[in-house]
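Quick one: the structure is below, and I'll ask about it shortly.
Read from first to last, the chains carry the letters A, B, C and D; within each, the first residue is number 1.
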């Protein structure tokens, strides 16, 4: 047992699952904010990997500021066109010279972004529908000193905190899985479904409303009937999916802003609203666990694109979520766990100023019964903080 | 009494003032994220006013996506220089033609941004130290239909929510006032203090640590002694200021990352870290009440730059804060009040899907004693929702 | 015979072939200025074709202002890398709405540019080594009125002139063919030769110096010996080629700025100096006949990217060259012919203010002998002015 | 007498003044191409001066690639507005680090451009009507070696040539002085005259047509009558001015594209057509002597923005003009002189490969009479080649 400053205490208030109203949101990978998150994180991973390949270690960088300026499009049944391209500006800092060697940070960033867009957005023609630009400066010189020798735990370079929780509530699971399944399983068979899927879940008591906005892809929609069919297909699929996660009553709404009489429907040429009027930027959408959860404390931190070696806000947000999940799976009797980590400038990041675990226990379980177990589990996870860094670089952890 | 759906209920858990650990943060107006917030909101107000002057009503726009790409600077005792300019890209959508008339939205945006920067940043030479660029598209056509006739209450165009609370805790007050006072009263007499002031407050039990990072302005710092004096001056000023808001013990830390031996200090040429490596964007910093408060529910909404007529997220975040403050000042016996407003697409914005007031009462006061009074006060405020729009346009409400 | 104002007169002075010193230059397609010319003209043709496909006629546009900002590269034997990408900004004006239909001018431009670069520059990875951006505004409204009904000859919208000559001198032929053959025949077998080939020819009396600068492609150059071989290969090829065009003595110099001792050679990663420090823009390189010929009058007109329907400067530069070539091939006894066309605002473009033919005749031939024949040939060509427009759009006429 | 390779020979053909048709053009300082020339040269001078101030010598740079993207404006009697700003991108290369010191090349460029625009364009609001952006890279490393020690004559780094002539013909004088006088003397009293003045002179035999296009400034034009008065005022002024330079018959045409019936006139808000649809870039307008003269050989070289220490094309174009003027003023009996200088890579720039003086003598004067005198005068001027560099940096020589 270490002497890490770990607090285990009862949560004040009901578990979210038991609160009367719960709101949960997820912006899918094709939402303009998520496109920025995705590119920022992809560029981050490409840079980290390049630094490792060249120098055996990750150098300083932060690429957490991609800005998307929406385009203009004229979607049409059977296939429309993009009139004015989307403009994507990758912004950040990166070490450009090390040991006398120049690192092609900007071309690495461009290539990584292009690959990501090509893979994730089959209906977006990179270089035609979207211009990708880049402005990577060099960081401030002081930062060069923060990273120590390899294999040591870095020092926190800021006072920051992270927060995570587990397990997900039913509504959270539904919202998260709806977007994931639509964009993967369902889209594979139904290319009409674009990548810009936004899901809002609202639970009042035992009734859950799932509102889904799906950017339909015009080349796969020959006419209005086909559009209605596509909408109905999504509704049925999601309604079915939801039953896997809850016994509560679920109502699914799809593209509620449509007005068939006016011919106003959610049709796109590229599968994302970024083609027409919706700008985006990093850190404005999903939190590190993939959700926006007003019923829970959230960090403002823009996790995507941050350096996973020493950016304490990123690490602690991802780590607190991992700790919460791990503890809940290892320790019986926990109904809800929230973990909060607060860093201490100048101390090793595996030794936070305070690690705070707030528990709602299952009926019949007292905090005292499991406190030691929880503390030990948190302690173990903290000891493995550098594992988070590794998993981020390997692409095993999603940041949005 | 209307039939608005207003819930009044006890908070689950302790008031923040009574929790064992409290964290509060405020990014000052010169922080790169706040610069973006400030410009986004300034541009928004300029456009709103221009539309009113020309057409008697506010047209559709959203200018909530300014991106700042940091510059490079070489600060030096007595005055250094900016090597590579900051690049500021104003992004958004605005109605460019109305009733056959073209509206110069982009030049309005540029002029408003320039005026804002000139006023707020005496050490930043706009056009030399910072390039201001703009990309304002036109919104999607559908949006043209949302606004109704003048004088009616707009319909909500999205499912969104806002959250506000009152009163501020002691730590919140200290953090907020430290930044405001340093940037106004103190800077007036001490130009060495740059606009980039970041304040972090951490209360553990009855001890408050206030950590202040101040970008010192090099032309007002002849040497290292002067720098130390400037740091000490700020420390004393803040320590003194804090006593106005609390009887708790307060420790003030200023520019803790300095290393005098290494000559590594927080010196800037322009008064903001945007000159050297710190990028910024809208909505990543302070919430609508000017603070980042992990102990309280927060909205992810980027309030600055949004259209104050119909952007429900902006309106509800500002309104919920106003309601909380108003109710607390009118109704006795409230220790802490949190107000949450959830919109309903297609309904008037003065009639939210639910307005949720969570109370911690003073000892000896029962919820039942004041529930009706609270409900009535909330109801009154909701009725005046369009007043929020007006005050935003007039610049009476801060959004960050 | 029409009443076109055609002057036929003797040239004042010697034919260029007989002057004591002659200088001729050609920037190959991979020269930064030529890259811009090529893209400007490619975009122009794509727009013209799109307008014809949609509306049966070419609408107003001009895309004659591409700007190239050089990148940074680290070429190396065996293959180096681009560190900072080239930035290409396509600039111009185009009609974006016609008959209620929006035309995707910017995505057309981007796609055309990408295709051109992909085709012409096998070692340039578009989207990674080069960012292509675009800013196409709408032209001034007045211009809408210039084009008349289809099938009529347009009116000149400016006072402008064009100049062409024939036949090419020996030195001109050598310079032109050296670049063309290196970039086509030779490069097909020798990929080490990059697209940035610059040829300078200087004839003093009967000695011709041909100086060739070839951007060698690093992935095809394993070491310094291979580089020397590549240089020698080019030298031999060009020396051989030159004998096809002249009996004069020719000396060929290749990559004369190289300094083997210093290791300073002309090695590139992408085949163009645009990767490292050489910016470019339209109209700064070759004239419409593909050459820079200080011994002859030249037009300053940037031909590439101009609208071939009504841009009189473009049309007259191409047409005067065509006329010169045609007359020389049809009429015997001409040693040198220079044709100059001057437009008259508001008159049909087939009726220039003046068409000026300056002749040097072969020995024994008097101007009077062939004047009528020349006049008739010029007249015929002028009558077919709209044929130039057609051939430009079809890509049969090169503009640089 | 040195052994410089100076050829003095008779011109082949008539002096331009005696040719039957002569065309001359000048784009005024407010023409979009000239705006770019002016900024490129201003930035060049600012950088050169800064290098001298810091290091005692001019370092490597070239800033000859400014690109202007036109804006959109809505001019109106009494004062209109700019709808979309002009975008100006300063492009080039500059040494950013020398002797361990960083040089703020980009902020120097921005400041110089802003000052130039503020001074020259009273109706253009920089930062609102025009965005000034900058992309200055670093040159290729090799170039660092070209400049030798101070006070020595630099070596030519390219094969390039320059051409100049004297004296100006009457038509050339009229065209040049018309623009200069309108923009200086006349505009001082008549602010209605904008900076975008374009003058075309055409002489046929003894009749000169001067066609002037003047961008009238809307805030000084209350109505159509005032516009007609302004046009007539210019016409009279220019007609009067022309008589100072010729006894030939002169007809002056002003704003000939106007159509009063259609209300189509040349009205601008800012005094330049860059506000509405006319893009511009460096080197596309006037040659180094301020004129475009199709009757004479011209260099394609973009002189403005080039480094005046070692850019041989710039130096030789300016120097050949200076030599021509100087020789004509010193040596009697010269009707027309053309000077052409051709550089030799690796040789000192005061020792050109060939300096070619082509003369038309006054009646009764033989070449032989003055050949020695001309040769000596040319030789003297060549010896003072570094004086050109100095006068360029001091702003005493105009480049466009």
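We adopt the following convention: a residue touches a chain if its C-beta (ideal position, glycine included) is under 8 Å from a C-beta of that chain, and two chains touch if they have at least 3 such contacts.
The structure presented is a predicted model; accordingly, all values stated were derived computationally and were not measured.
> Give me the set of chains touching subunit A intersected with the set touching subunit B.
Under the touch definition, subunit A and subunit B have no mutual neighbours whatsoever.
> Which chains contact both subunit A and subunit D?
Chains that touch both subunit A and subunit D, as defined above, are B, C.
> What is the chain whose Cα centre is as far as it gets from that of subunit A?
D
> Could you work out how far the Cα centre of subunit B sits from that of subunit D, in whole Å?
51
> Subunit B to subunit C: how many Å between their CA centres?
So the centroids are 56 Å from each other.
> Taking each chain's centre as its mean C-alpha position, how far apart are subunit C and subunit D in Å?
24
> Return the residues of subunit D touching two or more other chains; collapse runs of consecutive numbers into ranges.
84, 87, in rising order.
> Classify the chain contact graph as line, ring, star, complete or other.
Shape of the chain contacts: a ring, since each chain touches exactly two and the loop closes.
> Return all touching chain pairs.
By the stated definition, chains touch in these pairs: A-B, A-C, B-D, C-D.
> Along subunit A, where are the residues that touch subunit C in the complex?
Touch list, subunit A to subunit C: 74, 81-85, 87, 96, 102-107, 110-111, 114, 125-129, 131-134.
> What residues of subunit D sit close enough to touch subunit C in their complex?
So the residues of subunit D touching subunit C come out as 11-14, 19, 21, 23, 62, 64-65, 67, 69-72, 84, 87, 89, 91-93, 135, 137-140, 142-143, 159, 161, 163, 200, 202, 211, 256-257, 264, 276-277, 279-285, 287, 292, 294-300, 302, 340, 342, 345, 354, 356.
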